[in-house]
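Look for chain A in each of the two complexes below; its partner is chain B in the first and chain C in the second.
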Partner chain A sequence: MKNKLFRSIHDYFHTSRGQLVVMDAFRTLIALLLALVVAFIIIAVTSETPFETIKIFLTAPFSDAYTRGMIITQAVPLIFTGVGVCIMVKGGQFNMIGEGAFFAGAFIGAILAVRLQVPGLLAPLGAMLAAGIMMGIVGYVPAKLKAALNVNEFVSSLMLNFIIFWVCMYLFSNVFADPDAGSLATAYIDDSRRLPFLDADNEISTSILFALGTAVLGWIFLYRTKWGYAARMTGENPVFARYTGINTKKSIILVQIIGAAIAGLGGAAFLLGNSYRFIWKALPGYGFDGFIVAIIAFNNPLLVPIAALLIGYLRVGAVEMARLSDVPNEVVYIIQAVIILFIGGQAFLAGMKRRRLQALTTKAKEEGGPHV
Partner chain B sequence: MQALIRMEKIRKVYENGFLANDEIDFSLSSGEIHAIAGENGAGKSTLMKVLYGLERPNSGKIFLRDEPLVLRSPADALRHGIGMVHQHFMLVDELTVTENLFLGMELNHYGWLDKAKMLEQAKALGTKYHMELDYAAKCKNLSVSQKQKVEILKVLLRAAEIIIFDEPTAVLTAIESAELFEQLRLLRDDHHTIVIITHKLQEIKDLCDRVTVLRQGKNLGTFKVSEISKEEISRLMVGFDIPAQSATQGTQGETVLGISHLTCLSKGGKKALSDVSLSVHAGEIVCLAGVEGNGQDTTVDCLVGWRSDYQGTIALKGTSLQGKTIRAIRSLGIGHIPADRMTLGANVNSSIFDNLIALDVLDTPKRRLGFIERRKLIKSANTRVDTYRIATDGIHKGLKLLSGGNIQKVVVARELDRQPSLLIANQPTRGIDVGAIEFIYDEMRRLRASGGAIILISSDWNEIFTLANRILVFHDGKIVAHIEDLSKIDERVLGRYMLGLETMTAEGGVPSEK
Partner chain C sequence: MFSFIFSEQFLTSMILFATPILFASFAALISKKAGTLNINVEGSMSLAALTGGLISYATQSWVLGLLSAVIVGVLMSLIFAWFALKLKTDSILSGIALNTLASGLAVYILYVVIGVKGDSSLHPSAMIPDIRIPLLADIPVIGPALFSQNLLVYLVFLSAIVLTLVLNHTRFGMHVRSVGYNPIAASSVGIPVIRTKIYALIICGVFAGLGGAYLSMVYLSYFSVGMVSGRGFIGIAAEAMGQGVPLYTMLFSLFFGAVDYFAVGAQTVLGFPYELLNTLPYIMTLIALVIYAVYDKYNLAAHPHVRWWLPKKRKASL
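Let's turn to the complex of A and B:
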């Protein structure tokens, strides 16, 4: 039994796919190490007690149950937007709508959870569903523009984010603001109409379960449905997709609607799981972070939670460092940016992968297949 | 004549296993215009890219005036006086002619651009070679032939002695071509050496001193143009080795495909096809022959639904195909092996599995609610790997790890395993190894024997004579000859049909059918 397991692991890592996964993981690790080296240099310059500070940065996130919970909470929005990005990028679409959709989804969730005339738990679930559907409809706009008129979805979705943001802000301050709140906020959501906590002491919400479920469903969509297949082929080689009879325009539209809907759903889930009311007055940046997460996860939805937890860990480390050490807040942001830049920009190591592939091809050719 | 450039045993195998140059020897004499002739895919461009430092050969040597030369980049080549004018121009549209000419080697005066001097030099150069241009105009406003002049001046400005032209007349009108030839002769008289990649025989005759003919990566010899006829060049290019036994005549079955009065415009508004009629029956292989770009590819484009802006009718077993989506046409039973397997025929970024089952995924039954029948697909992919002898040890490996021949087998497996009633095979064996070629031939013969109809488009005469039952020769968007009996054709006549020097009149004037 043990032998068999060993064999299958051995085989996995000796298939090209396995080798590629190992290579990619290795690349990410190197990027992370390089980023940490730079971060340490910055810390060494700005901190009186650099070693102490570094220790806080690396170990504080695991120091107690509460900070461990914070890592999970930090990961939740990143999983949603990351899965959305994976699906869109796999379909060849570089759509930034996740940012606006997450924001609007949270806003819609906060309002509907209060106003839906349904009992208890159905309120947050209905609000999440509605947020997802509404954002899916909004996502149709850049999608249709791309499919019909070949308008660059990257630009149109960035622009659309501003429209979404200002429409929400208008409704927020003029229609849905709670007059009893001290500052601009929506009405207080009753405990019973929010997503329950998994672990109330450490504020881990059931929203993480929805996030994980989305990751699994996203993977199933991409790799186990014919629409996902069509989307991947369209993304990887649109000419080939068209040649085999795939309706590439439909695929282009579908992935962008799904991507926007997941971000909208995620916004609502995050708000209903981890806040009492909507108070954002700026775009939170989770949509853009989704791209970083997707890059680290090699655009595979199943790896997104791992990538999101990694970013979550670094974020919590930075927060703890700001709280417990003498490094000023601004430096913490710089370090965050450096880390994200390095991991996100690991493409500079992609040459390694290419050379390895070439070597493999040449080797295969020299050995000659059994039938050639 | 002393050889200016000598290339010895140049061998270049592309990453996908395409053997583009197979130990080619080539030499260039000082002050000549030298044509490199051959069909598409014969290795002309590759050989010249090697000489220009764009591609590095797997083996072989290059000598310049008997000195060994190692070219790592085009910059290296330019340093040694070798320049190239590409078929697709490499100009910055937003910059002026002068700015383009001096791009990367701008003259300066204490750090400031010396525009006056650059303009002066550009003008002097243009006057010298009779290439008048508006040097202040932005390149985007120039005509194609003017852009080509800018490219030539660019190369001359970098002091190139040897200039390689990649199909320079492909984009020019007849008058512009004549003008270009005049300029090329001037360059030759000014001690430049010129290489022209071309497959137009008239150009070789009109302009060149010597010609080297390539076919399937091999050099078939270098000849003085004055000592070789057009027909001889064309015979070398396409390789007239008619096999002793002609294709077996299959029994003609029902009409599978009927095309009548098909007319179609090319992008430029020219007629790509005019009034083409043909039919293909069950159990036969019909070859659409001709020099590339004479309408065969356009016929395929219309047939598979890639374009639908045509007049006339195309019917598969009596069902009209006009206005139908690619998907609908494919499910009527058309298989298609495209000429370009690396982009159209396969998705090299995906796995072997994804490529093998591309058509079957779309047939996922409704009751599955969109979920693919994975187990069934894996089984059929594995069966196809075995049946079509694709050399791999796992269907989930990346397609790009396979050799060119095996990639083509993946395409063939996908298209043939579904037993199409009509197969379109466009250059099915170009650039792949002999073993795979034989295998693919056998599979096509098997399909024919089982009642499939096949359209073969090929520039390889061996292939045509090995497989085809009938040949339709295309020239300039028309069918100019219809050859029913392959054993009775005269190779010279066939070559003349292809070049448009003659059309078939013997069998009732119009070569279209019943």
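Let's turn to the complex of A and C:
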């Protein structure tokens, strides 16, 4: 039995598909290592005690229960925006709306959780739902423009982000600011109107459950529904998809609405899980981070939580490093950038990938077996 | 309000606010023309501003500060080029990543060099001088606004002219346009595609560097984190509205500069919330994108009465 399982795994890795998976994983690993090397060089140049600093950076996130909880908390927003990006990218849409939608979702969530006249837990749930729906409606704008007029969704969503941001800031400082708060903030959200903590000691909130649920639902949508199939076909080859009778315009609109809605929902869930007020005065960048997470996860929603935990781990490490040593935590942005640049590089290690696939094909030919 | 708009102070301030946007939009324009839109203008400007500020403080020479800012801008562009053209990372993805890198690196360098995370106001930059052109500067209203300006302001308007001439009337400009329009066709007639793109990106880096230097050595006398505050993206918006024509791009940049001035410096005049005013460039760009798209979709270019105000050869998408 064990032998049989081993054989099937062995066989899988000798198909071209298995080889692709192996190579992608290998490329990701190399990109991660390169990023860490760059970070270590920077740390070595600037730190008085480089080895100590690097050790803190790598080990501190696991040092106690609180920092381990922080990894999970850091991962929550990344999972939401990452899943949103996966769905949009799989549908062939390069849409940045996640950035603005996450920000606005958090803002809407913070306001509605206080103002909704419903008992207990229904308040945060209702607020999250409303944030998701509202951002889905906003997401319709670049989606429709792309589908109907072929307006580049990247530029239009980038513009829309800033519009969303400034409109929220206007409402924030002129309508929904709490005069009792010391600085600009929305009204205090009562404990009973927030998402409860799973573990109050290390502040892991139930928002992680929603995040994981979103990842699973996102995967089911993409790989187990006809709409997801249509979306993936549209993403891979829109002309071919249209010839086979797929309504590509509908797919283009659908994935962008879903992407924006997930980001909006995520914003609300993150805020209601871990904050008592909305206090952001700048775009938090989680939308852009979604692209990093999605690319590490090969645009597969099920892998997004792992990628998000990885980024969360690096961030917590950087924060701890800034606290305990003389190196600022911004080094983590450099790591992220290098990861994205190398994994995204089509030509990065492409020669090796091609050679491995070629070797496989020639071997199969020599053996006279079927094409793999 | 009209007397305000036609006042000398308004004109001067508008140019003051528009200059960094102009640099950013030219950077976006040349990279877009060559077919590889560099959205890392924002990040390049930030790092260039930092370098310009710190170097000019350290050497007390604005020339060295300006030079180092330009070098950093070019360097960022070359890194972008290496990833986007050599490793074939999606150019937008590369831009996002390098923006992330720049925002982190700026804070990091600032902290390592002067031990502060916010700004370098304790270490003021050597300022790039204003130059007053005699006689012309004495013309009322437009004289002080146009002929008693900063060196970089003259440079940016000069760049607009040079850019127009280079793009439309030189061999290199023709190469850039054809590489952006159809790289395969361009390479089939022997135009070195990658090399042309790299040259265009170097020019893009020079503009981004100048824009950054302007921010920390003219606009303010120090570098502060987040001082670019979306100007790189507004530059991209201005380029999108101008549809790759330097003159139109310049006019939209000037307009966005005026909006910026209203939003930051002249709230009291309008009595309008600055947050909503800030959305104006983005809303206008969105509307312009829609107009251009309709124009493309219904092929209005073929219509003689519509044609005159738009450039003749436009790429179908965006």
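Everything that follows uses one rule, which is that the second predicted complex is superposed on the first by the 321 of 372 C-alpha atoms of A that agree within 3 Å, B and C clash if a C-alpha of one lies under 4 Å from a C-alpha of the other, contacts with A are read in each partner's own complex, and residues count from 1 in each chain.
Here is the rule we go by: a contact is a pair of C-beta atoms (placed from the backbone, for glycine too) under 8 Å apart; a residue touches a chain by one contact, two chains touch by 3 or more.
Here the structure is a predicted model, which means the values were calculated and not measured.
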Using the touch definition from the top, say if A:V175 reaches chain B (first), chain C (second), both or neither. neither
Please indicate which partner A:L149 is in contact with in the superposed arrangement: first for chain B, second for chain C, both, or neither. second
In the superposed arrangement, which partner chain does A:K226 touch: chain B (first), chain C (second), both, or neither? first
When both complexes are superposed, which of chain B and chain C contacts more residues belonging to chain A? C
Contact-wise, after the overlay, does A:A200 reach chain B, chain C, both or neither (first, second, both, neither)? neither
Report, in rising order, the residues of chain A that make contact with chain B in one complex and with chain C in the other. none
Quick check: in the complex, which residue numbers of chain B touch chain A? 13, 15, 17, 304, 306, 325-327, 329-331, 336, 338, 343-351, 354, 358-359, 361-362, 364, 370-372, 374, 389-392, 394, 396-398, 400-403, 405-406, 433, 435-436
Could you pull out which chain A residues touch chain C in their complex? 42, 46, 94, 145, 149-152, 154-156, 158-160, 162-163, 166-167, 169-170, 173-174, 282, 285, 288, 291-292, 295, 328, 330-334, 336-338, 340-342, 344-348
Interface residues, chain A side, partner chain B - complex: 15-17, 20, 224-227, 229-230, 232-233, 236-237, 239-247, 357-358, 360-361, 364-365, 368-372
Touching chain A in the complex: which residues of chain C? 83, 86-90, 92-94, 96-101, 103-105, 107-108, 111-112, 117, 226, 230, 233, 236-237, 240, 273, 275-276, 278-279, 282-283, 285-286, 289-290, 293-294, 296-297, 316-318
